[in-house]
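In what follows, structures are represented as structure tokens.
Two complexes, one shared chain (chain A), two partners (chain B, chain C).
Entry: the complex of A and B
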């Protein structure tokens, strides 16, 4: 249950990053900073100020968005490699700010949080449906996946309309987009703000799940992980963030859990002197392998792979003659 | 409607445009002629706000210099690119919808919440895009990804995208480059029809001298960033500096060679 929650949280952050990197083609490693900002905003409002869910959770979304609005003019000025390096700088700035506002973040040692999941009429912390009582984790799971669903619907709507098209146009040919009348600067800032806002929302959810957050979490590792999720899932695809999050965040956890059944995998090699892979590093190896495999064999990501696979499976079930006929007709077109 | 006055553009020490002055009247078909490197595309880049020259460019009295490209687009000026400014991964319909960006309302938030006004404006734009595709013979390519289409079709999509913004002034940068004779003929008919139907004023950069002479109302000839001729096709045809620039001679008696100018200039 907690794994499914984690996947959902990473998916929310990745949905935002996908708008920025997948659609608008702007690379950022600093998505983790906005997750952090959301998390600490959540600590302040949800835990320290004891505000209800309906206040603190949207506030984490806003906090991430506002922070991104502040950072956007800096990052979007640059392109390519320079943009990546600048986003790295943003991570250090973010970490510095987190560590030096101990009232909210507990400084280096982190801070515990006990947010309320109550909407007033329904409390996701102690959910009761039809006489069945659900635990805090189960309630939170529902909240998380509601956020994932809302995020996906919002992004699909954007992609189908003017704003989404202008982002893709910027990615494909920025000059031509300007000539078509797109205010490319503003569109990119908006994409960055959306990315930051979803990052913030994910931070708020992460804080509610872990009930303990620490500045160190929101460093370069998480930033890389989110970018990898978006790329492996499929840049600019609707299901990419969810698929990527499912694969990338679940494999290390599952590998750790089932370590004893996987060959060459052990808790610790420092004592035995045997050759093998320590459990703690499986995650890294999986990221690396997934990234290499996807980039080499399907740069469009898992979402595209599944889509193509689904189409193939669908055609297997169709009756053969009709299938051939429709394909021929499609070819003739 | 378009007044360009003493336009000057320099890149470092290189002068791309030197005191270029001309006027384009409403409904005119105005052509810009010149060998490679004459500054034709630089001139277009000035007109669409991609570079910032000295001098003055006015459209219906509004100064363009200092405005951003998207602001200039908003004034009703559209352009095509020589090497096509299409969005490869998008379908033909989507490319045209990007072209009509300025006619659609709604931003990120109104789209996210399916705000009715945004979606009805979107639907109207789609209907207009369908009409335009019908007019341009692109209907059968509607949902195909642009990258997969042949060059000739893509050129048509490029023009459809430019026209979709409902411009009053259309800038065409070498629209028939890479086309054979028949394709060029078909294209000319097509552009003239489009001009008539949509009430466009067109400024076109072109290498194909014979074609330009036939369809342009007036011609501006450039060489090394300088105006070497401005006038009707007849006047340009008799302009010694233009002939010299194209044939590499200052001998005016070369006029009969005009018919072969097409060969001389098609690279």
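Entry: the complex of A and C
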């Protein structure tokens, strides 16, 4: 249950990053910073100020968006390597800010949070439907996947608007887009803000799920993980972020759970001279392998792979066209 | 005053190590045309291989470092031959030019996990010959390791300078950087160029990794590659692919960071010295976003 929640949370953050990286073609490793900002905004509003769900969850979305609006002018003027190194810089600056605002973040040691999931007429914290009571985790699960669905619908619709088309135009040929009269700077800033906002939302949900957040979580590793999710899932595809999150975030957790059945794994840290992959490190290996394999064999990502596979499977089961040749073959039987 | 001199000495030695790491990135960028993060993994693996050869297998220290550099160079060349060179033009349109970068990031995370798997998560000493010893000049104590770091780095940089400026391979490398197709038409073998670049990168990164993992540098830790990432501002400050630029950038970075850790008051917050180089880099990029690219263009022309 918490696994499905984690997948959903990473999917929300990846949906945002997909708008920026997949549609607008701008690479950022700093999505984790916005997840962190959302998480700490959630701590402040949902847990410390005891505001209801309807206030603090949208507030995390806004907080991420506002933070992204501040950072956007820095990063979007740059290209390629500069942009990536700058986003790395944002991670370090973000971490510095998190560690040094202990009232909200608990500094290095982290802070625990107890947000309410109440919506007024319905409380997701203790949901009752048809006489059956659901636990906090189950209620949160519903909230998370509602957010995933809303994000996906929003992005699918965005793709069809003038804004969505101009993002794709920027990705394909920025100069041409500019000549065609698209305000490329504004469109990129909007994409960045959208990405940050979804990152913030994911942060709020993460805070509600873990009920404990720590500045250290929102570092390079999470930023890299989110970028890998988007790339492995398939850049610029609707289902990519969800697929990527399913594969990338679930395998390490499952590996930790079933470590004793998998060769080469060991549960605690290895003694020197004795080979064994500690379970804590499996995630890193999976991310690395997934990234390398996807880039080498299917750069368009899992979403494309599934789509192609689905089409093939569909054609197997489709009824053969009743042409001359098939009839002749049938007659021969 | 003594404090200032001491800080300057350790800042210079840290800076020259940053410069070495940055040069590892820059040389590859120059020779292959792609930004490759794999030197980050080489810094990590180089330090651990030195530990393996010197401490576990009891080989001579210098021999261990050389062997580690050779092993890392071979690894890099294998990666180039079977992975990086085949990625050109692959990937989704928006990340086409970044496929090498992404794959190298993947390799870094694998390397990090493998290091913990093979050698364990503990902090080791690589038993370097310098230890914690210091030389005293009047009231100033300077670590012997810092002096050696600067001397060895300068020696290596001098070798690089000779290779790039005065050998056929170096001329070929510069030609390939300015126009790969024209260089190939003139009979310059891109494989030789990239092999040389990997060898230079391996030597620089392993030396830097070994020095960062000495006792005074904090010992051998599994997240040494993230220390290598801190050299990236040096690369940016120095203008991405110019080798002297990397040295200036690295030295500036090392000094800024050391002075900040020596003089910044606690009220500026925890972790301020680590963050300062990144802030400097961000400010510089804000002031001159296209400036470096332009110098790069003129240098190429």
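In the analysis below, the second predicted complex is superposed on the first by the 315 of 333 C-alpha atoms of A that agree within 3 Å, B and C clash if a C-alpha of one lies under 4 Å from a C-alpha of the other, contacts with A are read in each partner's own complex, and residues count from 1 in each chain.
Assume a residue touches a chain if its C-beta (ideal position, glycine included) is under 8 Å from a C-beta of that chain, and two chains touch if they have at least 3 such contacts.
Because the structure is predicted, anything quoted here is derived from the model rather than measured.
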{"item": "Partner chain in contact with A:194 - chain B first, chain C second, else both or neither", "value": "first"}
{"item": "Residue contacts on chain A - larger count, chain B or chain C", "value": "C"}
{"item": "Touching partner for A:95 - first (chain B), second (chain C), both, neither", "value": "second"}
{"item": "Which superposed partner A:161 touches (first chain B, second chain C, both, neither)", "value": "first"}
{"item": "Touched partner set for A:231, first chain B, second chain C, both or neither", "value": "second"}
{"item": "Chain B versus chain C as contact partner of A:169, first or second or both or neither", "value": "first"}
{"item": "First (chain B), second (chain C), both or neither touched by A:178", "value": "first"}
{"item": "Partner chain in contact with A:21 - chain B first, chain C second, else both or neither", "value": "second"}
{"item": "Shared contact residues on chain A - chain B and chain C", "value": "172"}
{"item": "Contact footprint of chain A on chain B as seen in their complex", "value": "48-50, 68-70, 73-74, 78-79, 81, 85-90, 94, 97-99, 101-102, 104-108, 111-114, 118-119, 122, 140, 161, 165"}
{"item": "Chain B-touching residues of chain A, taken from the complex the two chains share", "value": "153-155, 157-158, 160-166, 168-169, 172-173, 175-184, 190, 194, 333"}
{"item": "Complex contact set, residues of chain C against chain A", "value": "29, 35, 83, 86-87, 90-95, 97-99, 101-103, 105-110, 112-114, 116-122, 226, 229, 232-233, 235-236, 240, 269-272, 274-275, 278-279, 281-282, 285-286, 289-290, 292-293"}
{"item": "Sites on chain A touched by chain C in the complex", "value": "21-22, 24-27, 74, 77-82, 84-86, 88-90, 92-93, 95-96, 99-100, 107-108, 171-172, 220, 224, 227-228, 231, 234-236, 269-272, 275-278, 280-282, 284-285, 287-292, 295-296, 299-301"}
